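First comes the structure, then the notes that go with it.
Going by the order they are written in, the chains are A, B, C and D; count residues from 1 in each one.
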Amino acid sequence: MLKAAIVGATGIVGQQFLVALNKHPWISIAALAASERSAGRSYREAITDPKSGALRWFCEEPPVEEVMELPVQNAIEMDTDGINLIFSAVESEQAKILEPAFAAKMPVISTASAFRYETDVPVLIPGVNSEHARLIEKQRKGRRWQGFITTQPNCTTTGLAITLKPIYQNFGIRAVVMTSMQSLSGAGRSPGVLGLDIIDNVIPFIVGEEEKVQRATQKILGALERGSISPAAFNVSCTCTRVNVKEGHTEAVFVSTAEKCSVEDVIKAMKKYASVLSDSGLPSAPQQMIVIHDDPFRPQPRLDRTTEDGMATVVGRVRPDGVLPNGIKYVLVSHNTKMGAAKGAVLVAELLIKEGYIR
Amino acid sequence: MLKAAIVGATGIVGQQFLVALNKHPWISIAALAASERSAGRSYREAITDPKSGALRWFCEEPPVEEVMELPVQNAIEMDTDGINLIFSAVESEQAKILEPAFAAKMPVISTASAFRYETDVPVLIPGVNSEHARLIEKQRKGRRWQGFITTQPNCTTTGLAITLKPIYQNFGIRAVVMTSMQSLSGAGRSPGVLGLDIIDNVIPFIVGEEEKVQRATQKILGALERGSISPAAFNVSCTCTRVNVKEGHTEAVFVSTAEKCSVEDVIKAMKKYASVLSDSGLPSAPQQMIVIHDDPFRPQPRLDRTTEDGMATVVGRVRPDGVLPNGIKYVLVSHNTKMGAAKGAVLVAELLIKEGYIR
Amino acid sequence: MLKAAIVGATGIVGQQFLVALNKHPWISIAALAASERSAGRSYREAITDPKSGALRWFCEEPPVEEVMELPVQNAIEMDTDGINLIFSAVESEQAKILEPAFAAKMPVISTASAFRYETDVPVLIPGVNSEHARLIEKQRKGRRWQGFITTQPNCTTTGLAITLKPIYQNFGIRAVVMTSMQSLSGAGRSPGVLGLDIIDNVIPFIVGEEEKVQRATQKILGALERGSISPAAFNVSCTCTRVNVKEGHTEAVFVSTAEKCSVEDVIKAMKKYASVLSDSGLPSAPQQMIVIHDDPFRPQPRLDRTTEDGMATVVGRVRPDGVLPNGIKYVLVSHNTKMGAAKGAVLVAELLIKEGYIR
Amino acid sequence: MLKAAIVGATGIVGQQFLVALNKHPWISIAALAASERSAGRSYREAITDPKSGALRWFCEEPPVEEVMELPVQNAIEMDTDGINLIFSAVESEQAKILEPAFAAKMPVISTASAFRYETDVPVLIPGVNSEHARLIEKQRKGRRWQGFITTQPNCTTTGLAITLKPIYQNFGIRAVVMTSMQSLSGAGRSPGVLGLDIIDNVIPFIVGEEEKVQRATQKILGALERGSISPAAFNVSCTCTRVNVKEGHTEAVFVSTAEKCSVEDVIKAMKKYASVLSDSGLPSAPQQMIVIHDDPFRPQPRLDRTTEDGMATVVGRVRPDGVLPNGIKYVLVSHNTKMGAAKGAVLVAELLIKEGYIR
């Protein structure tokens, strides 16, 4: 069993890590860290609202009893003795300071965006660009670290990159147009989206999101050549909106492929690709990376987000586009706080353990 | 004052006609018709739930007291003596039978889709394609009718066609990609969308909608030449979804223009175009057909749908697209049951009165 | 294994029966029946929308593959050879005709209200009034049936009766005041509550509901004496409202007890009572009938409805009332389509199997 | 014209004051104050989000152009020369410091709870307890202030006290049981209720709310005798919950009256009372304080909250209770940010101007 520390353990993503690692066969939770405010208390105390006595536990799954009495350390002074890897769930500003300090000594799997666009840091989705893990070697050498940092794409990119992968591989891609209808949990809790702002409403803008999707998609689908990633040579234009859905991002995708291909070709390619991780032996991997529905009323976020415990991207309405050259369009639903966040990061850790980068 | 009959008066669109015509300066409501079931009762009785005694009145505005005691006639036998025009708010199947029978004698302004794609029937949006009204002459001759039928676009097309008009006029259009986030009122009440289906959800499909948008947009922006309409020569590819919003359709639009144009050019063209009806003297016309926001968080359906009493299309986030040739993208909100339905149809009637087609 | 038929199998409650009986250790699904319209087709065909090809499957759980190819019979002509019991999920009007016909030959467990208030028909909640099952003997004799009918309370009554039971038993009850905030699934699908009626809203009336709660609560907590039930001698006054929640009824309960008792006394009595079925061996029984929260922000329908797979009633905010004599107040959440409907009915069947009424 | 300053002008209640005083016939807005952070900037600058450039304007009504260029002063140093009255919309902690400082010199109408329960400070609802204004004289003498402080009830109490008033006056009251279903706007914006917490949910607890309702109701309906208020001698037991409604509190009320009275008696008393302010000449007063519906499906917050621009309390479902002695029950909807907040406070100012307390 490898021993993991979770940094940023009291926040919403930190709690999702606790759930994603609960009874994990390869990794045990050995340390928890958060800001100075929480330090010195048990995890239970740290997440108890002092006024009402209520637990500030934000996952649908029940609190993980095994860690409730673990002490919470001050992240910046965390004792890393005996720790094999770190899951970092802190905000970007803190990540800039904390993550390099930890990476000097050990592997850091981060959900923050701080290092996502560094040329020697991979944005990993196992099964999509597992080979980018090799960038870690360059990173270690260049930065003289014993450890390393790997990052996750932002949650809106995850489902998009997964579904584009088999299209890109088989037919090439010229351009992608996408409109997202993103869930409330994607905005987190500080400050998050107020109920009175989203009720009976759509909010047509999410700060910084559209740029991230283009940049991260190109990097993830890029080729690792001679130690660096050449971004995939197509643009992604998107409009990112927020809708009144708790969990699960919905995306209407329009793709212009390089080679002509039919709807059946695309479906076939997606289905073939879907099993890329089924024999991987990675405990958090979905049997099917992509699940395709015939029913034109699917995917729906409420019905489909938990497919394969939120690790599958669910696709429907694959059909010709009629406007873009070799145009194909479809709708996807991706679970933004499972595959798109902590559990996706645990899957990355599993891949890196299997590949020998973490031990 | 011209005397109007409303056919389909007990339904949701019929009630919106009552509101849109309430205290109208040119048109008074002289007759109401519905199915045989309601015939012979006062309007109040016809919309009273026999079990609970509650009024089945579906508009946010209060019931129109002036018409509550009018008798409801059986549509198929309606007495049209003294009636100058008919607003038809019936379902498509009934429209196929009722509308030609009325049109033989008098003008029919219809919100149904039954005749929308007939080559001699215009789909009118005043200020966008007012000149298509001339098709009425051909229709009358060809069908030997004293009256005529004009139709409305489906509600998803209205805001799209209005915002594309100044772009098309000034820069030409090669292609349009659009994702709609449509409101619940667009689905009506029979059967409508159940609360338990849309809560915490997005429904990614609306039967027949995507085809309608392409076809109606091309017809509306088409040129009337030698008595017939040549559809505009660009395709519209869309994904139409339903979101948990009461009223107001939101659309993320991506346009490829024929000529290169900047974001500023497009905004300027929209602003210039926006006043097309301001001096028209039509009582229901908006001062501004298009209202543009700088604030990137707008338009939002709840905040913007009632701009100019629901007769303006509200636009925001105009920006370069980066994927389509000469690509521009923006977001619009359009009130689907005001400009997109009954009040839009009243505006059509006003135009046709002014132009002498109705008297 | 006993063989069950499900009548009304294509509706929402019927489908919940399929889920509740899926892989059941004592009962297998041997026959399905619905209206004449569905008869003669496989279950899969019967619930496939002919237009879109989509499955009309309404449960969160996936469709039960084992029954998809079973033929659907016309309920009124169903072949009952080899069937040991019938679960009836039909509307009240049909129940009046169908249920007695079946009950003449075999046990009928019904979720309809048709026979709920007959003096010889029990309204059973295992663990609350299991002893009322003895009324079946009287019913059989009086009606000369080989089988019998038992009924379920309406879903709003279930959680109320369960939580009142330990209070009534220990301290007696003088009066109950209750306001419910009921979920959308409680209104079903025909016609159900429209999204555009419940968005940003509360509907303060549910036809017939308040009378049912009073009557059923009194009957369930009544004493079975000399072959008939004397209703419990306290009144229940309620206001039943509909809120924008998918599943799970929330109820604010105010109880005036006969004997003085403290909040601690009530909590203790509830906790002691809660395990009434834990050793029953009934496969669908919850370990705890009542789960009590200290956190004042609980119970919440979204977080608590699925406690013990929807078979527990979750209670919080137990506190003194200050207005009623010996007043205690609390809030409960009860899963209206699990314990409050099909799975609750399966639990009744299990009790009656164990007690020898069904074999 | 009297000149008013608004303290706490940049917050949500402050903005509601701007709307409520827009084009007011008696009162003009002469000064705006907020925290030091906003001081020295124009109001427009102060509410502009520096990152996105968007206006942080929270009312449905458009921003009040007349005040956008007014300078925002630091509240604690505000220049009160020429100011006739102050509307205070600050948080309770700041109110404790700021309001006495202002009241030493001039009238302060406060929506904060800081002084609500002081024995010499009235909690005023014009038309319910206008005579409590006389307490101001005692307050001024006792505190040696030239000005004074009056307070508003919390928004949940307002509709309750208004509807209880005619019952109390005519029949006396022994006890009140109430369950509220409160709107999101009542929780404000800092931090407010997150969309992801309230979607598909009810939150059964609002910190401190239930105590406030009991205490304020008793004070408002109390008798002013020899310079002090004897609280009304009945208890109010309530359960206050939050539901997914933007605006408008719904309350299910159960009243035990002192004297026997029929439903018709109560309705008659409410209707008679409703016109209490119709001839008052107060510009913000509703024609009818209470509007009663026969339709059992009313009141609904979305449909009824804006009755008389949010200044009327809308009542329905008046019926016998069956549990409480002389029990009557009904449902009310009250607009929590109109009559229940800023516009209600403006109505108080109007009353005090008319009565000569402000000049």
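The criterion applied here is as follows: a contact is a pair of C-beta atoms (placed from the backbone, for glycine too) under 8 Å apart; a residue touches a chain by one contact, two chains touch by 3 or more.
Remember, predicted model here, so these are calculated numbers, not experimental data.
K.L.:
Kindly list the shared contact partners of chain A and chain C, in label order.
P.N.:
B, D
K.L.:
Where the centres are mean C-alpha positions, what is the separation of chain C from chain D, in Å?
P.N.:
Roughly 42 Å separates the two chain centres.
K.L.:
On a C-alpha centroid basis, what's the spacing between chain B and chain D, in Å?
P.N.:
So the centre of chain B lies 41 Å away from the centre of chain D.
K.L.:
Averaging only over C-alpha atoms, locate the centres of chain B and chain C and give their separation in whole Å.
P.N.:
46
K.L.:
In chain C, which residues are in touch with two or more of the other chains?
P.N.:
Residues 52, 199-200, 205, 244-246, 296-298, 303 of chain C touch two or more partner chains.
K.L.:
Examine which chains touch each other and state the graph shape they make (line, ring, star, complete, other).
P.N.:
Graph shape, chains as nodes and touching pairs as edges: complete.
K.L.:
Please output the residues of chain B touching chain C within their complex, sorted ascending.
P.N.:
Interface residues on chain B, with respect to chain C: 51-52, 183-185, 187, 189, 191-200, 205, 207, 244-247.
K.L.:
Going by the contact rule set out above, which residues of chain B touch chain A in the complex?
P.N.:
It comes out as residues 175-177, 179, 181, 199-205, 214, 235-237, 239, 241, 243-246, 250, 252, 254, 296-303, 316-317, 321-324, 327, 329, 331.
K.L.:
Would you mind writing out the residues of chain B in touch with chain D in their complex?
P.N.:
52-55, 60, 199-200, 294-298, 303
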